[in-house]
Amino acid sequence: MKKFLKSLVEKNRGISELGNVANYIPGLEKSNKHALGLCIIKTNGTIYSIGDYDVKFTIQSVSKPITLMLAILDHGEEHVFSKVGMEPTGDAFNSIQKLETCKSHKPFNPMINAGAIATSALIKGADNQERFDRLLNFFRKISENETLEINNDVYLGEKRTGNKNRAMAYFMKGEGYIDGEAEDALEVYFKQCSIEVTAKDLTKIGLFLARGGVMSNGERVVSERIAKIAKTLMITCGMYDGSGEFALRVGIPSKSGVGGGIMSVVPGKMGIGVFSPALDEKGNPIAGEALLEDLSDELSLSIF
Amino acid sequence: MKKFLKSLVEKNRGISELGNVANYIPGLEKSNKHALGLCIIKTNGTIYSIGDYDVKFTIQSVSKPITLMLAILDHGEEHVFSKVGMEPTGDAFNSIQKLETCKSHKPFNPMINAGAIATSALIKGADNQERFDRLLNFFRKISENETLEINNDVYLGEKRTGNKNRAMAYFMKGEGYIDGEAEDALEVYFKQCSIEVTAKDLTKIGLFLARGGVMSNGERVVSERIAKIAKTLMITCGMYDGSGEFALRVGIPSKSGVGGGIMSVVPGKMGIGVFSPALDEKGNPIAGEALLEDLSDELSLSIF
Amino acid sequence: MKKFLKSLVEKNRGISELGNVANYIPGLEKSNKHALGLCIIKTNGTIYSIGDYDVKFTIQSVSKPITLMLAILDHGEEHVFSKVGMEPTGDAFNSIQKLETCKSHKPFNPMINAGAIATSALIKGADNQERFDRLLNFFRKISENETLEINNDVYLGEKRTGNKNRAMAYFMKGEGYIDGEAEDALEVYFKQCSIEVTAKDLTKIGLFLARGGVMSNGERVVSERIAKIAKTLMITCGMYDGSGEFALRVGIPSKSGVGGGIMSVVPGKMGIGVFSPALDEKGNPIAGEALLEDLSDELSLSIF
Amino acid sequence: MKKFLKSLVEKNRGISELGNVANYIPGLEKSNKHALGLCIIKTNGTIYSIGDYDVKFTIQSVSKPITLMLAILDHGEEHVFSKVGMEPTGDAFNSIQKLETCKSHKPFNPMINAGAIATSALIKGADNQERFDRLLNFFRKISENETLEINNDVYLGEKRTGNKNRAMAYFMKGEGYIDGEAEDALEVYFKQCSIEVTAKDLTKIGLFLARGGVMSNGERVVSERIAKIAKTLMITCGMYDGSGEFALRVGIPSKSGVGGGIMSVVPGKMGIGVFSPALDEKGNPIAGEALLEDLSDELSLSIF
């Protein structure tokens, strides 16, 4: 099996040539374009780690379903979905226009930037420090990695250049979908995006979802329903405006980030983590997508 | 089980009060707003039929994944998806704007009107008569009902009033996504929407997909891959711009139509057909959606 | 004066190099890219004709304010503006999206394609032949040129390739802004666009408007108010989505066409006609615009 | 003449009933809905003042063409129009979507909120205090009223609730159309909107433009070209997304504000100021528009 996985990684590594590493967030442009890492952990504990599986990168949008789970733990499903919708948008992840053109002016879903910022605004805490600490601890817990930290340079870069995210936050503040200060929501959001992980960390989180919200030691952290919500939104909206094609070609609930990460869940079977920093034009890891398509085809992993 | 299903139908029938039957297509306004029918057939052959399961209605948009399968049989996956995309739109099913605003001007997916018309344009045949006959025969085959026919009054009504669909067809013709005449594509499309079915017919089609493209008698009609394509698009785009919420609440690949039908597939397990002509504001059968949510919760049918 | 005008034409002829002749309507691509003609007639009858002032070309969008005047004569201001608005759009002249996104679904103004088709639909007549004959006679009358005819090749080309215009016509039919058949409105529209004129003919029409709706022989054809409506819409919407900049730089009510014509009006003073087939990226005659800016600056012709 | 003007004001006062005073900016809701004031000053110095001509209100969007003139004085035409366009948008004055959907992401014109904020960002000064002081002095100078001050309550209200304007400012900052801090541009913008004026003050500013940029004492403050730029943008974009209809019905370069003011210019002839706080659905003073239409009709003031 390991040999087989290695051959898939080697087969797809060259595809990175067709993509580009993100450069609009200061720091990301330093990634090695040709890196490709894969980690798989089955629910029975078997683990496979190939290539650049232990290279650190910032989690970026892969953080979105995780923050969503804590927001639901904090406020319940009904309140969270009164602030953010459940529908795919058909637009780019950083698009602002639907906030204005749709009737409710509500962010469409928690997987695009607008909805993710509204979700980050829901994390409870006396102040921003406590809010982010609670969130970081949640990331550490479900990744079973107590050493997770943010990359401060990337955080400061996002904060400095994140004017479009800021625009969305103020728009939503104006429409009542962010209750506190817009800048507070943004600080939590920029920090969560800057958490450094490896493909193995993402695999652990995928495994947590594959088990329906349960850790390796058997501890239930979120309800099966909350885990299901995360997985569903990953299928319908997890790969930006390429989610439909990815569902069709791969069929595995997944969330990508412009840092190069993909966190994938085969319900009941396994978690998968990928590191592939060269992105396609929609912002998805280009070699990682191809690798997951091969994996899905060869091992019949599609949920459909 | 039957008693249990009956109680679910009765519980949800009252919800119809909150919706309205479609009136923009002449003929549909005659439906009984309070009708509610359910049919389930398991892959082992067990069948449950409750309420208005044998009332005839026009299939409307439920026809879309079916026509897609024949188009792929006729041309192959690659050619079909060069004419129509795979992404949810976030817009209403009859919206034209993304044809102009997106870069490629390509219809986003085969489940919205624009994409469905482009799909209908792909059905092979020497003339429109042959094209529609082939399509009708395909519907008859996979529903295992040789008596399916179109409702001519509804067809003529759609043809007479379908100016927005016509607008989309000409726009796509102008952009090269329809090769033949726009009016020919529209004729096939309006006819396929006007095919009369019952909830039971839809159940049979759902069962066909649940079996991965195989009929009751074991005959394989489409490949497993084609069946999977249909099911995936039903999850991401099958319930119009309510698909995301439906995936999250129900989690069963389904396709709705403004005639009141819903065709649902629990892969490997069962086909489900619903008749519920009172629609919510997105055009989905309002009692039918609630009924399917109850069913999914009670019987753990979500694919996530 | 003539020498001065000649020098302005020569100065601006080279600018054509930066533009391109239209090629999306079969026939237009044959125009001489470097042609530039200017004709000016003062209200006192003095006439200046320079360069390619007598080369024939199709009138295209310059026809729009003229058809509008006949439509108002036929139905009155109130009825006409119940079918088409008065507002600039900010979008390209052939854009369909605002028909869907604006609340009323009404075409924004009679100078963009959608609004012009809705206007053409208003010309009275027992059949299309009579409608177009009445319109052609109106063009002949106010241009004081009985020999105006359509270019049949261009007409057939527009008819064959005009699928986006067709899309708009059907959309407006569906929304009730076209009362008769969409194809009838399109036939009149495509024919009016295909009328062959020279810069001199456009000058005569401009002069007619400069006189407030009166011919050289003193005959009043339209009321001062109708002439004023045409001139106002030419300032706010006459140069497609470059109208604002043109108003600011030139300040002369003008209407351009992709055939290369510009018809300009200096109220009370003169009509101006330009032929300049190389277009800028918004579809406006590139050398013609520069020439009119020079003219306006040198002769202080801005109405502001 | 005065009697005649009085009768026009009385005739149109009742129309206020059909509108509503603005309530989204704290403070504006206190205006007297039925107020109507008119002031006219001819270039020969004759002055007519009727009704509520000396009631104070905040200038709001009427400030936009004034700030534009100072920005051009500070930076020149070319630089200013590299940061803001010249085209009408067809959208509401506070709409953000075209910033994203148009190719350049540049605000369309200085008369909508986005463009006005970008313009305010251009006022020179060592700090915000100096920037606003320079701007206020410019307002005082051309209105020939040294007592102009801001209404601090309205300013603080706009600052507190202006989240959509903030969203636009950050979006434009992200796209490079605001060079300094977004919050600095907003502070100047919110303050300029909060300057208190009377209809008479607006008349003086209108008169200044009617004279082509010259004060009563003959001092030239801006060039004729700069005055012309302001007047042109007032015709094409001055009355929000009702500018086209206003140009057609009234034909007088005018700028409205949601505080109830309209500043109008009849070039070479007169300045007109109106106070009419009841607004129509586009945000324009409803009785004021009707009054100006009557005035234009009766006195033949249209520039077309």
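A, B, C and D are the chain letters, set down in written order, and residue numbers restart from 1 in every chain.
Definition applied: a residue touches a chain if its C-beta (ideal position, glycine included) is under 8 Å from a C-beta of that chain, and two chains touch if they have at least 3 such contacts.
Computed from a predicted model, the values in this text were never measured in an experiment.
Where chain C touches chain D, the two copies mostly use the same residue numbers: shared numbers make up over half of all numbers in play. When chain centres are set by their Cα atoms, the one at the greatest distance from chain D is B. Between the Cα centres of chain A and chain D there is a gap of 46 Å. One simple way to say how far apart two chains are is to compare their mean CA positions; for chain A and chain B this gives 32 Å. We define each chain's centre as the mean of its Cα atoms; on that basis chain B and chain D are separated by 53 Å. Contacts with at least two other chains are made by residues 101 of chain C.
Residues 95-97, 99-101, 161, 163-164, 166-171, 173-174, 182 of chain B are the ones that touch chain C when the two sit in their complex. Chain contact summary for the complex, chain A toward chain B: residues 85-91, 98, 102, 108-109, 228-229, 231-233, 235-237, 241-245, 247-248, 251, 253, 267, 302-304.
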